[in-house]
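Per-chain numbering from 1; labels A, B, C and D assigned in written order.
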Amino acid sequence: MKVRVKLFASYREIVGQSDMVLELRDGATVQMLVDCLKNRYERLGSLTDVIIASVNKKYARDDVVLSEGDEVALLPPVSGG
Amino acid sequence: MKVRVKLFASYREIVGQSDMVLELRDGATVQMLVDCLKNRYERLGSLTDVIIASVNKKYARDDVVLSEGDEVALLPPVSGG
Amino acid sequence: MGSMILVTNDDFSVDEVLRKIRNKRTGAIVSFVGVVREDDSGRKIKMLEMETYKGMAEKELSDLKDKAMEKYDLEEVTIIHRIGSLSPGDNIVLIAVASGHRKEAFAGAEFLIDELKKVVPLWKKEILEDGEVWVEGGH
Amino acid sequence: MGSMILVTNDDFSVDEVLRKIRNKRTGAIVSFVGVVREDDSGRKIKMLEMETYKGMAEKELSDLKDKAMEKYDLEEVTIIHRIGSLSPGDNIVLIAVASGHRKEAFAGAEFLIDELKKVVPLWKKEILEDGEVWVEGGH
């Protein structure tokens, strides 16, 4: 299945793009997607152990199972206000 | 000696004027001035036991001794803001 | 110096105060605006009359400002209190506090309005549908 | 309904927000304005770049507003957060809370800015004299 990935702030700069489409096997979880990206982009892996993610603009736990067409975002620690 | 007396809000309405000059004996205190006005204006006496006063625009205790030309104000409970 | 103490008949612009109050170290500005309620604990208010002891009110406000700036780590403090006739929905008072960080700004602003209601010679008369009443004691 | 949630490139008018947010029961309006410091813990800031996750930020802000209105006794809540390039002295964020009484308004406003800094997808990059840094974690 295909999911859309969005990257922000420092993650966007490390990966070098803000948007991508990933092909994952059916039943893949948020954790699997994050691991996949950590492997592909070494600096993302070395930067932090835990990466906060959202699915379809809601904060999502690591074990959430993804579906075709989901929008998954990797969110660095926020710093608004 | 003469002191100037200022009255505000409910006290002003009870007394019917906002400004007056009182003749007091030398050595008179804030308490004496307040008692003198309470006697003269019955409703002022019955309204409240304690009347807060200022002398020359500073909060003053009852036992402060007044001087010729002082400006004494009787201040109802404040309600700004 | 963006700080200011003012007791006035006129309305104020919060934007103007907030523009003047900030300096290079300002990260947080907390402001409190008191508004004339139409309904005060069941009393239907047609109008408010605010009276002050001119000179003493300004002095007390200025002392409070100094106390707050010492007690909390504040950069600037502006206090504007209106007097005269006010209608429901009108601004009564503005307290604006600029600080490096927000904790101090919140604490300073709350301290100032709490103290203002206790010590500053200002009196509020509510003109109701069926009479008028001097409000006693800050609330 | 005077409440509003907005993430925008444009500056805001506090006067305008405060005019819209009040209703017949409003006695107190507390507002918090975050300002770009020129000096952040010794770092000399030339510029700030604020980035957001459009859509999610608004949803998180709206959830926070609902949470605050339930937790405290608030009448209306407006939150405006700026994004894009900001200079020292510029406004970053406005939180305005209208309530019948001041205690709830202060508590609600402080809760909102504390939570905003923890959960709303907004990121701050400081452009310094000698480089740039993504700020991590609300402070």
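In this text, a residue touches a chain if its C-beta (ideal position, glycine included) is under 8 Å from a C-beta of that chain, and two chains touch if they have at least 3 such contacts.
All values reported here derive from a predicted model rather than from experimental measurement.
**Student:** What's the chain with its C-alpha centre farthest out from subunit D?
**Tutor:** B
**Student:** Quick check: how many Å separate the C-alpha centres of subunit A and subunit B?
**Tutor:** Centre-to-centre distance between subunit A and subunit B: 73 Å.
**Student:** For subunit B and subunit C, what's the span in angstrom between their mean Cα positions?
**Tutor:** So the centroids are 26 Å from each other.
**Student:** Using CA atom averages as chain centres, what separation in Å is found between subunit C and subunit D?
**Tutor:** Using C-alpha averages as centres, the distance is 22 Å.
**Student:** Mind pulling the subunit D residues that touch 2 or more other chains?
**Tutor:** Within subunit D, residues 34, 113, 139 contact more than one other chain.
**Student:** Which chains touch which?
**Tutor:** Result for touching pairs of chains: A-D, B-C, C-D.
**Student:** In the complex formed with subunit A, which residues of subunit D make contact?
**Tutor:** That would be residues 34, 50-53, 55-57, 59, 81, 92-93, 113, 116-125, 134-139 of subunit D.
**Student:** Looking at the complex, which residues from subunit D come into contact with subunit C?
**Tutor:** 13-15, 18, 22, 24-35, 37-40, 88-89, 98, 100-102, 105-106, 109-110, 113, 139
**Student:** Give the list of subunit A residues in touch with subunit D in this complex.
**Tutor:** My answer: residues 6, 8-10, 13, 54, 57-59, 73, 75-81.
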